[in-house]
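What follows is a pair of complexes built around chain A, which joins chain B in one and chain C in the other.
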Partner chain A sequence: MDEFIKVTFDILSFSCIMVLVVSGLAIIASLMGIFNFAHGEFVLLGAYTVFVFRETGLPVWSGMLAAPFLVGAFGLLLEVTIIKRFYKAAIAAMLATYAIGLIIRETVRGLIGGKFWAIEAPIEGVFEIGESSFSIWRGIIIILTIIIMSGCYLFLTKTNYGLKIRGAMENPSLARACGISTNKLYAFTFAFGAALAGLAGALVVPLYSLFAELGLRFLVQGFLAVMLGGAGTFEGPVLGSAVIGAMVPGFQWLRVEIPFISYLLSPVFAEVFVFLTAIIIVKFRPQGLIKKGRI
Partner chain B sequence: MTEIKKSNVNDTSRRSFLKGTSALAAAGWIGALTGGFVLKPDWAHAAGSIKMGIATDITGGIAPSGNANWQTAQFAAKQINDAGGILGRPIELILEDTASDPGIAVGNVRRLVERHNVDVILGGITSSMREAIKNPIVKRGKTLYIYPQLYEGQECTPHLYCTGPTPYQQCAELIPYLIAQGNKRFAMPSANYRWPQLLNIWTKRIIEEHGGEVVLEEYFPIDQVEYSATVGKIKSEKVDHVFLTIIPPGLGAFTKQLYETGFHSNGGTLSCVYYDENSVNYVAPRELEGVYSCLDYFHTVDDTFSNNALAGYNEMWPGSNYKLTAGTAATGMYRGIKLFEAGVNATNGDLDREAVSAAIDGVTNVQGMGGEFSMVPGTGHAAMNMYVAQANGGVWDIIKSANQVPPNECA
Partner chain C sequence: MSPIIKKASLFKKILYRQAGVIPIVEILLLILLIIIPFFVGDFLTIIITRMLILALLAISFELCWGYSGIMTFGQGLFFGMGGYAVALFANKADFVQLWGVIPIGLIVGMCASFLIAWLLLLGKRPPELIFIALGTLTFSYAAERLVAGWYWVGGGNGMSIFEYLRIGSFEVEPGRLFYYIVATILLLVYLTSRFLVRSQFGLVLAGARQNEKRLAFLGYKVQKFKAIVFCFAGAIAGLGGGLYAHHEGFIGPGNVGIGISTMAVLYALFGGAGSLIGPIIGVLAIESISFTLSDIDAVRGYWPIILGVILLVVVTFKQDGLLGFVVTQRERIGSFGILKATESKPSETSQHLKNEKNDSPS
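Let's look at the complex of A and B:
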């Protein structure tokens, strides 16, 4: 029983980390049709914000609160200056965001001296159930992820503004004809996605450490999650990232617990296996787990 | 005051230039510009200066170590020049950035050999870098090569000298000590590359010889971020000691997850043989507390020569982020320059590669960081003092030292 709770917690917590990190990417990819290659660097900027706050003597949690606003504002700035010029050219947009990401990453690398920095969580420590102990911060991340994702879902489906966003994405010219300013909506959506990425980076950085490739580490898995879940909806990529996030520790647990599998799966191959499984699913469900048009 | 000349920018004062570039260097921004720095001595000799090529990672992922190596090289050269040079001839340093990228490095290293015609090349930090540049230096370049980093052993190329500790040197004292402390069941979580794989062969042999047992040995992708299954296994297998060879970026996630299983509070211990004075940056204090390391030098080693050298380094580079430590290969770099000096002294100033190489092979009792070292003839490796230390509030307490531990390589 203890073992079961432990495995469930581990799978759930990494699943939530993936959802949190991918959600910003998902919003921008699904609602705007832009694959934002700078997403990993927005995550990095969120993490870097926490570092800057800590270095100036402010508490870590204040950095986490500020990160979504600062990164969101940065996203807004990028949208009005650069991104908006690329809506009509998806491939060029990928290249442009890739370039932006590269600039951000190398700048941050310079600012942190190319090093790795350990960052403490606002609440360190563990809680215990039976024999097993669990990280409090991972527990908090699970709860926060559920709250944030529910909030996003309700915002997009139940509010007037959410309806406008979806309308503007579905049929921009009709939306403009109805008097909706699509430019403003695009800018807002992009900033919102950036803010989510910043928040994700700020929340997960205590689990790892701050380094220039922090966001890059999740980017490939993030794109796979969007493919797996199906671009075009909000809940599709979220579900996709939850599945990818569950497979990562899931395969490792299978490998450790079942002797037969441990011969077949080295830790390195277990990582590869996540991709393999996802690609096989995409092969049989090319439209993704959830079809477009549900939201 | 020495001054720095860059081949395409003339006469920039060293301090201001380096200050400005060091931050950018870490970002990889000046990589494309570097055509090699030439650091000329501030006095001259009729026979010309002795040219040392430094090939290290000023930019890219290994930049924090590479910059420490470059600063150490400048410090060692300044010490020797201030004391009158090598047999009256001053040392000139020529830096090429290997940019943490073996592909870029090969071309840059060839420039040291062909354009600058250096008398020796020191550098390379990762094993992949050493593998990439050793042939351009030693075989095609017919130049002496000194490799400064602690590494996995088995490098026996002629005219290539290793001045960092070998697996045997890092484990021979540490492992028996750990087992004597009551650690019987070992886990070896590792990054999946050459250094952990070969180091672990030695470690495992010494563990088993001393009555210990390895219950888990696994190799992970270098950037793996999720270790819950492995730390769960470490707990359920009742492991006493974790011999860690995971490196950043995977390291942060592992140490945190291990800590959170209650491994440390239940009496488990951990060792990591590249942890040094820099580790406080990338390992959280509570995860570092009580961890063992074994290296050729710690700042807490009380040795007059080392104390003076460390003070001199800190005076030359006040407040620098790049410390003179063992894990970054900086102590190996210092040892390498002293080794070359001793070799040239022995040949009476003859800089011919074969002559210097033959002399270096027999060099004994040279002062370095952490105490004297001596080459073991015919092996290309050095016997040196090794220190087992334990992290205590950000400081490494020396708990055991061993004099002149043999490298046990290439015999």
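Let's look at the complex of A and C:
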């Protein structure tokens, strides 16, 4: 029973981290049709903001509060100057965002001196269920993820602005004909996605440590999650990222439980296995788990 | 046929054939590459050999992206796998013969790319461009992680090859001879690729790049054509990797995966995507800049940032790259197969002439 709770908590916590990281990516990909290769670096920037706040002596939580706004503003700036040119060309947009990501990553690497920096959570400690103990911060991330995701869902389905976004997603030219400024909407969406990424980075950095490749590992998993869930919906990528997030501790758990495959599934292979499984699922179900036009 | 038509066709032939900057660039580059080892020292020759090996990588990317519209981040993967295969043969089986290294690289690259093409390209419905890009990116990343954590192939430290490449019992040290071997291989690969993309096969690819649906309606199995090119490009990348491992005497996780795949993209885009000579120029340009800057301590740390800025500028402002300054769009698209410009047009022309003849007496 304890084992069961532990595994469930692990799976839940990893899934929530993935959902948190992927949501920004998914919103941009669904609405604008742009796969933002700089997304991982927005996550990194969020984490870096916390680092900077801590270095200047401010409390860690204030950095976490500020991160989404700062990264969102940065995203808006990028959108207005560069991303704007690439609405029609997905591949060019991909290359451009990749270049932006490369620039950010290498700059941050230079700024933090290529080291690993541990950042402590604002609330340390553990809580206990039965015999086993769990990190409080992981629990808080789970709760925050649920709150943020419900907020996003309500925002997209219930508010006027959400309606406009969904309209522009469904049929951009018709939305423009109705007097909705899609360009403004795109700029806002990109900034919103970036802000979500920044928040995600700020929240998860105590669990990982701050290093330059922090974003990259999330980026690849995030793309798989979006492909797996199906771009163009809200629930799809959330579900996809939950599945991807669940697979990592899932495979780990299998490895411990079943000695025969423990050799096959050493940690390195487990990660590769996750990628492979996801790609194969996408191959046989290219439209994703959830079809488009449902939001 | 009347002499007028012949004259017209000859004129057209000259018109179509004459506006060629690319052949001039090709010949100049070839001459430069042949004579350059006599003018620079051994050290620089080794550096240039390395560039030529990377040119194989750039060509393989160019075949995928510039000619068939497959955005791939997987060329680094095939490159690295070729290198690792060769290094394994050298370290575990003491096999360092040149005649073996070339086919090993080719076959490993081709098999790997075939597997990935089967997973990503071939299917009931044509995959989206972005899916191929993300899929190849994923595989590159996974491969990098895999070799970095797998101790049998050296883990994070990579593998060194301690013996020189051999022909029979003769050792080929990195230097002038190695340079000419690589240059010959590059020339052969270049000519084969050039023949391929200028043939009717290349015409199908160009059609698929422009309008895939229309070509599918005409009855072409576009995905199969793309898969064939992808495998061919993978083989070239694998060959490049094999040579690279022997030339540097080392292959590591940094040579597999995203980093080197990005470099392939960068070479091709910077030099000028859409022509085969562009990527080679891109390699020479970028690697020369990199080599020059690596002597200056203040700038060296910023090199990756500079690369990012270059990529951004090229994608945003100058999509046809360096070669775009001298080559027109029309020449870039080029002609395919044997030029038969006179066959369809003359019937029209002769019709006109007949009409004129008919008109004139009346």
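Convention: the second predicted complex is superposed on the first by the 293 of 295 C-alpha atoms of A that agree within 3 Å, B and C clash if a C-alpha of one lies under 4 Å from a C-alpha of the other, contacts with A are read in each partner's own complex, and residues count from 1 in each chain.
Simple rule for what comes next: contacts are C-beta pairs under 8 Å (C-beta built on N, C-alpha and C of every residue); 3 or more make two chains touch, one makes a residue touch a chain.
Bear in mind that the values here come from a model prediction, so they are computed numbers and not experimental data.
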item: Chain B versus chain C as contact partner of A:107, first or second or both or neither; value: both
item: Touched partner set for A:23, first chain B, second chain C, both or neither; value: neither
item: Touching partner for A:271 - first (chain B), second (chain C), both, neither; value: both
item: Touched partner set for A:283, first chain B, second chain C, both or neither; value: second
item: Which superposed partner A:126 touches (first chain B, second chain C, both, neither); value: first
item: Contacts of A:36 with chain B and chain C, given as first, second, both or neither; value: neither
item: Partner chain in contact with A:117 - chain B first, chain C second, else both or neither; value: first
item: Touching both chain C and chain B, counted on chain A across the two superposed complexes; value: 106-107, 109-110, 266-268, 271
item: Chain C to chain A touching residues, read off their complex; value: 71, 119-120, 123, 125, 127-131, 133-135, 137-139, 141-142, 145-146, 148-150, 258, 262, 265, 269, 301-302, 304-305, 307-309, 311-312, 315-316, 319
item: Chain B-facing residues of chain A, complex; value: 6-7, 10, 13-14, 106-107, 109-111, 113-118, 120, 124, 126, 128, 132-135, 138, 206-209, 211, 213-214, 217, 248-249, 252-253, 255-257, 266-268, 271
item: Interfacial residue positions of chain B with respect to chain A in the complex; value: 23-24, 26-29, 60-61, 63-64, 192, 218-221, 223-230, 232-233, 248-249, 251-253, 256-257, 260-262, 281-284, 286-287, 321
item: Contact footprint of chain C on chain A as seen in their complex; value: 35, 82, 85, 90-92, 94-96, 98-103, 106-107, 109-110, 216, 220, 223-224, 227, 266-269, 271-272, 275-276, 278-280, 282-283, 286
